[in-house]
Every structure is written in structure tokens, then in C-alpha cells.
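Listed below are the structures to be examined.
Presented sequentially are two complexes of subunit A, the first with subunit B as partner and the second with subunit C.
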Partner chain A sequence: MEFDKKSLLKLGKLARISISDDKLNNLSKDLNSILEFVDQLKEIKTDQVDPTSNSLDQKLEVRDDKVDTKNSAEDILENAPEKEMDFFVVPKVIE
Partner chain B sequence: MKDSYTLKSLAVLLENNKISSKELTSEYLKNIENGKELNCYNTISQEKALIDAEKSDERRKSQNLRSKYDGIPIGIKDLFCTKGVTTTASSKILSNFVPNYESTVTQNCDDAGLISLGKLNCDEFAMGSTNKTSFFGSVKNPWKSVNSDNELVPGGSSGGSAAAVSGDLCVASLGTDTGGSIRQPASFTGTVGLKPSYGRVSRWGIVAFASSLDQAGPITKTVEDAAILLDIISGHDEKDSTSSVNPKENYYQNLNSDIKGMKIGIPKEFRSDKLPASTQKSWDECANLLKTNGAEIVDISLPHTMSALPAYYIIAPAEASSNLARYDGVRYGLRVKGNDLIDMYEKTRSEGFGDEVKRRILIGTYVLSSGYYDAYYIKAQKIRSLIKSDYVEAFKKVDAILTPSTPSTAFEIANEPSDPVQNYLNDIFTVPVNLAGLPGISIPFANDENNLPIGLQLITNSFEEQKLLNVARNIEETINYSETPEKWWLK
Partner chain C sequence: MVAQMIEGWNLVIGIEIHAQVNSKSKLFSSSPTDFGSKPNSQVSLIDAAMPGMLPVINKFCIEQAVKSGIGLNAKINKKSIFDRKNYFYQDLPQGYQISQYKDPIVGEGFVEIETENGQKKIGVERLHLEQDAGKSLHDQDPNFTFVDLNRSGIALMEIVSKPDMNSPEEAVEYVRKVRSILRYLGTCDGNMEQGSLRADVNISVNKPGNELGTRCEIKNLNSFKFIHAAIVYEAKRQIKLIEQGECVNQETRLFNTQFGETRSMRSKEDAHDYRYFPDPDLLPLILDDDWIKDLQDSIPELPDQIKERFINEYSLSSYDANIIVSDKATSEYFEDVVKNRNPKLVTTWVTGELFSILNRKNLIIEDSPITSKRLGELVDNIENGKISNRQAKEVLEEMCESGKGALEIIDEKGLSQISDENEIESLVDNVLNSNPENVKKYKNGKDKLFGFFVGEAMKLSKGKANPKIVNDLIKKKLSQ
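Then we have the complex of A and B:
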């Protein structure tokens, strides 16, 4: 078993998703099943192959460096769960 | 309401003043109301649609039309950001999100005068093949088996988009396809679903799932309509650096169903004993039909086909885990209070995401984490190269490839397998196309012994959408598939 309780909780920490105790068993079963499925790739030889991160054969264009007025602070903050002046408000980070 | 409504036919009715945009829009809004049981729409834009329709009628009066299709109402997958209209990605975490900007694709539709009826249900963050992962519940397939009254899945993730077209809750819709999310539901609902080449359509303003695979495309009743809608939504967009600079074509105007001399490939790796006999029969019949119409059928090999699905289930979750890191309760969407910042993140994401999305984020986090990155993520990207080169080789020999769209027809909502991997197999025929960045289309070919639609998939080389649509049109013209579901939800 690749995903036991301990490794699953660590993964949850990395992904910032809290996992409750009652979900651990099913989740571990599901993730192990997925892992077992993707592990079949290990049998394929790829030593001489370059990775493809994107199928599009196109170099990234550089856009003109010009000022526009989109994305004002007001627009960006419009959907904020909590805001004050021009800031997002989050729980205190520094004691 | 006539079942024969298409974008093409409605443009003519509007042009000849046989119907106004307002009348048409009201008619579809009524269908949506009567079809609520199908659960196709997350948001119905009743008021806005009627106002927009009136404006279109005024434009028509003053001969100031935005396009031939000005005034035709369509449905939009709830993954496209729409200014002032709630955009949820069918997730609890975005259930209160009202964008203050418009996606390029929906802006293009607006620029053509199309009217949005509302936002269509889908799998949460487009992750699923049954529409069951939606926070707002399953969409029901308008089709039912003749042997059972049980409700069927519409496929996914663009399940609402496909079911709405099939059930006449809109004439055409927008979907997105990361591993089959347009083609698979189109196949399950007897509609036409087109996934364009990666880069043909702008991704700007579409809620991101796996950025190197996501593409938006149309779900329609006919191949002609698919060409019409692709004309409207495609093209370069400076806001999406991966949108292609290749000039867009005039797909509808250049539609030509003559396939004489074309070579159509049948890949042996797609053959399987597990394929239902009726699907195999349709596949064979379609190949024969193309041969009769002047094409040459060529047996080809795509040797790495079976590796596509496992590679996809590394790459897509990896990209998803990165993309979905933005949902943290700080800038928009759901926030669940916590004791400190980290606790707030963890509680927000734990409550805001559903099980399938969490599974994919966790798998994605795992394959990207230190010690596993090379063994999984880089390995999968290398497999992706092999798959891509399979297709490069194949397209040296053939113009298009013909396969089934899905390994089965629509199945019962209650029969969804509990093992996630079993569900992933739904996309076995569609996923390679996304990994290689190619265009693919699913068209309805026949109905099986339960009277459920069977879809076949055509694939061409990158940016050969015209050829793809031409071959699809040839099949459509020849078979004239005209089956429609019985509207049980009206009883």
C-alpha cells in the first residue's frame, strides 16, 4: 500500500486539504487504485524520449508593453470574502 | 417547438421574419422550465436573455445585425466566466462567484449576436464522465433505454451541454473537452460534439482544469452547426498565449462533403473484444460507407494507445492540482473560517471541493512532489511524446482516423462504478486526442438494441478542422441520423 494513513495526511497537508478520519480508508483505497493503474507506464521504455509539456508547436509571443486600465483594485477585490481598503483580509499570520 | 431547429434553420427563420428572437428565446425558456427535471441548467438567465433578445430584434429592424445568427439563443457550460452571471464550475467553492469579466469565447458569441439562455451543469471543475460529480446534482440523459425506465447519465463533463441540445433546451451549446468532455457526452446523447485542435479556441476566461489539454468547442445537432459555431468562437486571442496564430478558416462556407480519394485510417489498437457488438457494427458500417463514397480505408497502428489513459491520469491531475491551488478562500469563492491562515485554507478546500476533485488534487500533488516528479510526471510527459509521434506517423499515411467515441452507450445513473479507475475508462478513445492536441469530433451514427445513440469519432491532424468537418459532413449527409429522444419529462 503506497498510501497509508500517515502518507495520506502528509499529502493532504501539501495540498492544503484537511482529510477527516472517516474519509481516510476510502480515499486510500481510491488513490491506491489510481496509482496502480498509472504504474503500468513503468513498463514502457522512455530513456531516449524527450518529454512533451504542451502539444502546440508555437513559440510564445511577447506582447507589447503598454499600459491599460483593466484589472483595477476595485474589480479585483469585488469577489473578496473579506476586504478592507485596497486589501484582502486574512487571519493574522504574525503574532 | 420543432425538433428540426438548427442554427442554420433558425438563421433563415429569423431572416424571413418568421420568428423574432424574443419569441424564439421565450420558447426555449419555456422548454427549459418544462425540462427542469433534466437538471441541465445551473443558472437560467431568464431576464437577461429576454432583454438581449429584444435588443437583437431591434438590431434586425435597423438592419444592423452582428451576424447572420444574431438573436439565436444558446446554452453555455458553467465553466465559462460570464460577466455579471454566476459562474460555478459546478463546485461549492465557486457557488457564489460572479465574474466581472467575460471569457473570450462567450464574448465572441456575444459579438455574433448569440444570446445566452444560462449556464449549463457539468462535472465539478469538468472532472468526470457522468456529470455525477456536480455540486448541483446529476444531469439526466434525455434518452432512456427501451427496456428500462431508469435514468441514464448524459456523460460528462459537458453533460448539461449535451443533454440540453438533445432535449431541445437549447439549439446549440458550448462545452469544454480536456479528455473527452465534449465528445463522450455528445456520443451518449445523439448530438455532434467537436473538440478543436489545442490552440484553435482561446482558453481565456474558462475555469482552468488542465491547461495543456483544455479546449472549448460546440455541441450541436448537426455537423453544419458545429462548423457555424466553430467559425464564431475560434481564432487567435492575445489574452491566451497558447492560442494559435494560424489564421482561422471559414469552416461553414468551405464545408465540402466530397471525400473521393481521401484515406481513412482504422487503428487496430482501438479494437477490443469488450466493445459492444452494436458499436463494432456501426464502426464497420461507417468504414464501408466511407469506402462507398470514394475514400480508401487503411489499417493503421497507433502503438501507444493503451498508455494514453494512464499518462492522462498523471498529467491532468498534476495540472489540476496547480490550477486549483488558487481556490484558497482569500480572493474569491467560498471561505470557511479557521483558527489561522493554514487552517482556513485547509477547511475551505476540504469543504469546498467534492470527492473526485480532491482525489485528483491529491494524486496531482503526489506525482509532482519531491521524489516522484521524475518517476511519474516526467515519465507521463515522455509517454505523451510517444503518443504524439504515433499520430504524426499515422497522418503521413491517412487524412483522417475513424474510431468509436466511447466503449459503451449511456449507462444508468445508479450503475456508476464506485472504483474511480473504472469510470476513467469511459474516456479511453478520446483521451489520446487531447494528449496529441488534435481536433476530434463525435457524430451520432445509429442507435443500439436499447435505442440508445452510438457515437463515432473522427480525428485529423492539428488545425485540419476543415477536413474533419468535411468527412463528418459526408457521413451525416449519407446516413441522415434523425433519431430524437421521447420527451418523457413532459408527461
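Then we have the complex of A and C:
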């Protein structure tokens, strides 16, 4: 899989990370070498194997439906750069 | 009107329902799920996506998804996988929603709906579990958006239909039916005003025989009225575009409830690229047979079964049975009243008189001022002839206002009906003797006067005489 500059810019946009022109070349090269490395996996024959979503041979742990509140609004908002009337405040979002 | 508008066109509609699981705590955290709490007061470090936090799944939510699947006649998948659906938005602290993509917990199923042309099967594609996002308020400040994460991480069941609906009415019936099933199961409270159940509607139009048109998705409809209105508007919009030789763009649209129209939210070019992949924090969910069996055994009687039983047991019409079973509380209320009573009479009093009072007062049946026991007592007094139907209506109103029982009101108002034949006979004799002219006219063929005699006798009894006995006696006497 080749990662061209256009795909890289799109990926940056999706993650809301701006990628400056001077970094584009190097980043693209880096990403491609990572992908090349991972591509080695394709050499293994897997057509007889079920897709693996997790390599641990364990069952999913479950918990009971119990409420356990550890935070107040004050606690959780303490980390907010901007807050008002118990809300997080972010730049205006217009779809 | 709708039929006229779409004449010559096919409508193809598919619906995604988001139903909030009726759990006390969230899907992957122990934060509470109460509606209307102080903003950001129900947010754990997991919900706020603090580094190093790990999700642990709520067993109850898994069970509700399985029960809902069974209620939707669907295949339960013994192995399902949680995936990350990646997108960037301010009300999604994780930067991804934990959802299920290729391997949902519930596979294909169906529900049956009533249509103009009889029963119709609507296919269910899948049901999967996922996290809800937080809530953004855009209208509080011109420059800023306010975010409340209380809803973030609450468990949702997304129920995806097949594109099997062909009219706004069918779409509404489908959502009604799914909501009703979930409410019977107790897996979702179905409260649309509070957003516990909302629908995204996919719609396209095409000429019969032609291939399917391009579809648009209308997001977040939270009432039956809006679902209907949005589909009508959107179908008209698409038909107009095509008739003008233009193309329908595949896009996501929002329904503006104030103006009754849909508006583009984002076009395909900006379409999300969700980059799904299995969530490495969560192992596959495996359901063993015993667990599924236990859940199967816990499924209560569902609306379709109850409807059939009501038709067989109480000889209700399909129409009446439908009205009664469409809501769980109504069918329980009905069943309380109907025990050992005349089903036809009970049906009339529940779906007729009681419903009209509830409608007028804008109440749901759970908050009915008249309990099922009290309504039963009223029906008893109609059945045993103590009061007439008309008097009963008066008593019901009074019961509603005063909170008193039927008997108490009947006694207080002296409403009790006269059913004593001797007493009524003397009333009838009195009427006939004081109107010899009319009796003569009647016997000479003026049939219409019959009503006059009945009216006079009723007036004389101050409306208390049993009308049936009055009728019978007058008929008997005049034919002598």
C-alpha cells in the first residue's frame, strides 16, 4: 500500500492535525516505510484462519449495572481550559 | 394527499433507530444515566477519555440487547466484536465511538406492521451496541459551543431496518412497533421527548421499474409526527429535483421542526471516513448457550401474541386489539378491567371514554386519574343495570374530578337507574293516560310518536328509568 500525499493530507484533516508542506515529504516517507514493514504480514497465508480481533485467549470481563459516581461536575471540569455554567466551552462548531 | 403527491413514484425507506438501553449505569463506565441532571455531573474519567482508562462492559446492557434481538425475531450472534468508529467532534472525548461494525451482537430479524393492505413484514438488518455521544449547545453564545458530557458513554442499541418501507405511514408504523416491543421487553423506556428513542430515516424515490434512486439520510427525528413530516417533505423535494432534470445528491440532512423542511448537513465530499477497527481494549463478546437460554425464558408476552390472545379470549376485533396492545400500560390496564367482565363493554369504556378523558387532559394511562379497579366498578354498575350508559359518562367525569368511586357518586347524585318493572309500569301508564290523543294517533299509524312516549316516561323518571324496560313496556302496552 502506497501512501501518497493526498491521502496523508486527508488523514491529517480527519484527525484535525495540520501538516505543513515542508513536513509532507518526510512524513509520507516515514509512513510508507512503516506500511512496508507491516506489509510483510501479507506473506502469511490466512485464508483458512478466522479473522482475529484480539490475540488474548480470554473472555470479555463484564460488570454489574451499578452506579458508582466518583466525580462531581467540579472535578471533571477542573481540567477544562474553558468552562462556564458547568459546561465545557469550545470554539463555535458549525456543521 | 401523500398518495397524490407520490403518484407514479416509488418511495424506498430504511430506518436506523437509536434506542437507549434502560440501564442505571453507562455501557463501559459506572456513571449514572439519569435524564436532566446538572451538566457534566455524570462523567467518569472513562467518559471523559482520560489517558489510561479502560472500558469494562455492563452485563445488563448485553442482556437487554439480546432480549431486544429475541423480541425482533432476530438471530443472536454468539460472538460479536466491538470496534472503534473514528471521528473528530467536540462531544466525543475519545475521538472514537465504541460501536460494533462487522460482527454485531444481533443479526437479521423482522417485525410485522399493520398497513392499509394488511400485515407487512419489515426486515431488520441488525442490532448493535454502541456508546452515545455528549450534547453540544450551539445557541448559547455567538462565538462558543457548550458541551455537556452526561450522555457520553450511555448504552444505545442501534436497530437497522432493511429498506422495506414504502410510505411515511409504514415508516411511522415500523417505529411504533419497534418502540412498543422494546417497551414490553423493558429494554428501553421509549421516551422520545427525552431522546431515549430517535430515528434516522434513509429515503430515496424512483419510477416503478427503474433502478433505485440516490438516498438521503435525515438524522435525529424524535417524534412520530416529525418522522412523517420529514419523509413527506424529503420525498417531494427529491421528486421535484428529478422532474426538473437535476440529480439528488447523497447526503445527510437535518429536519428543521420549526419550518418543516430538511436541510443539508454535510455532503458526500465531506462524508466521514470512520476507519473502523476492532477496539484493542475490548475482547470479543462471547455468549454461551445457557445465558441465551435464560434470556429467552425471561421474555414476556409480546404485543403480537397478546393481540392474538385478546382476539381469541375476549373476541376483540383486530382493530380494537391493536389499539389496546400497542402500549404495554394500556394492555395491562385493559386486562385488569376485563377480568370477569363483558369485554365489549370494557373495550368501549377503555378505548372510548377513558382515552378521551386522558387525551383531553394530556395524560398517559400510567397517570390516569381513574384506576383500573375504579373503572371496573363503573362497568359493573352499567352491566347490572344500575346506571345507564349516559349516566355512566357523567359518573366517569365526576370520578375523574373528585377522585371518588363510582358507587359513592351514584348514591350522592341519586343517579341509580330504576329497573323495577312495577315502578316503570306505573310511569308508563301515567304517560299513556295523560296523552289519549297521541295514543289514538299512534294506533292509527303515526309510528313516530313512539319516541315521544319514551321521552315523556324518561322525563317523568328524571332520566333514571332503565330505557330498555321503558321501551319494552310502551311497545307492549301500545300493541294491546
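In this section, the second predicted complex is superposed on the first by the 85 of 95 C-alpha atoms of A that agree within 3 Å, B and C clash if a C-alpha of one lies under 4 Å from a C-alpha of the other, contacts with A are read in each partner's own complex, and residues count from 1 in each chain.
Here is the rule we go by: a residue touches a chain if its C-beta (ideal position, glycine included) is under 8 Å from a C-beta of that chain, and two chains touch if they have at least 3 such contacts.
Predicted model only: the values in this text are computed from it and were never measured.
Undergrad: Just checking: does A:Asn54 make contact with subunit B only, subunit C only, both, or neither of them? Give me first, second, both or neither.
TA: Both subunit B and subunit C are touched by A:Asn54.
Undergrad: A:Lys92 in the overlay: touching subunit B, subunit C, both, or neither? Say first, second, both or neither.
TA: Both subunit B and subunit C are touched by A:Lys92.
Undergrad: Considering only the touch criterion stated at the top, classify A:Ala15 as touching first (subunit B), second (subunit C), both, or neither.
TA: both
Undergrad: Would you sort A:Glu84 into first (subunit B), second (subunit C), both or neither based on which partner it touches?
TA: After superposing on A, A:Glu84 lies in contact with subunit C but is clear of subunit B.
Undergrad: Once the shared chain is lined up, is A:Ala73 touching subunit B (first), subunit C (second), both, or neither of them?
TA: Once the two structures are laid over each other on A, A:Ala73 reaches subunit C alone.
Undergrad: Under the stated touch criterion, which partner chain does A:Arg63 make contact with: subunit B (first), subunit C (second), both, or neither?
TA: After superposition on chain A, A:Arg63 lies in contact with both partners, subunit B and subunit C.
Undergrad: Examine A:Asp30 and indicate which partner it touches, taking first as subunit B and second as subunit C; both and neither are also allowed.
TA: Touch partner of A:Asp30: subunit B, not subunit C.
Undergrad: More subunit A residues touched by subunit B or by subunit C?
TA: Greater contact footprint in residues on subunit A: B.
Undergrad: Considering each complex separately, which residues of subunit A are in contact with subunit B in the first and with subunit C in the second?
TA: Touching subunit B and subunit C on subunit A: residues 14-16, 53-54, 56, 58, 60-61, 63, 76, 79, 82, 88, 90-93.
Undergrad: List the residues on subunit A that touch subunit C in their complex, please.
TA: 10, 14-16, 53-54, 56, 58-73, 76-77, 79, 82, 84-95
Undergrad: Report the residues of subunit B in contact with subunit A in the complex, numbered from low to high.
TA: Against subunit A, subunit B makes touches at 97-101, 198-199, 212, 238, 241-242, 244-245, 304, 307, 309-311, 313-314, 321, 325, 328-335, 338-347, 349-350, 353, 358-359, 361-363, 365-367, 369, 375-376, 378-386, 388, 419-421, 424, 435-438, 462.
Undergrad: Please name which positions on subunit A make contact with subunit B in the complex.
TA: On the subunit A side, the touching residues are 8, 11-12, 14-20, 27, 30-31, 33-42, 44, 46, 49-56, 58, 60-61, 63, 75-76, 78-82, 88, 90-93.
Undergrad: Inside the complex, what are the residues of subunit C that reach subunit A?
TA: Touching subunit A from subunit C are residues 23-25, 30-32, 38-45, 48, 56-62, 81, 86-90, 95, 103, 136-138, 140-149, 265-266, 273, 275, 278, 280, 282-286.
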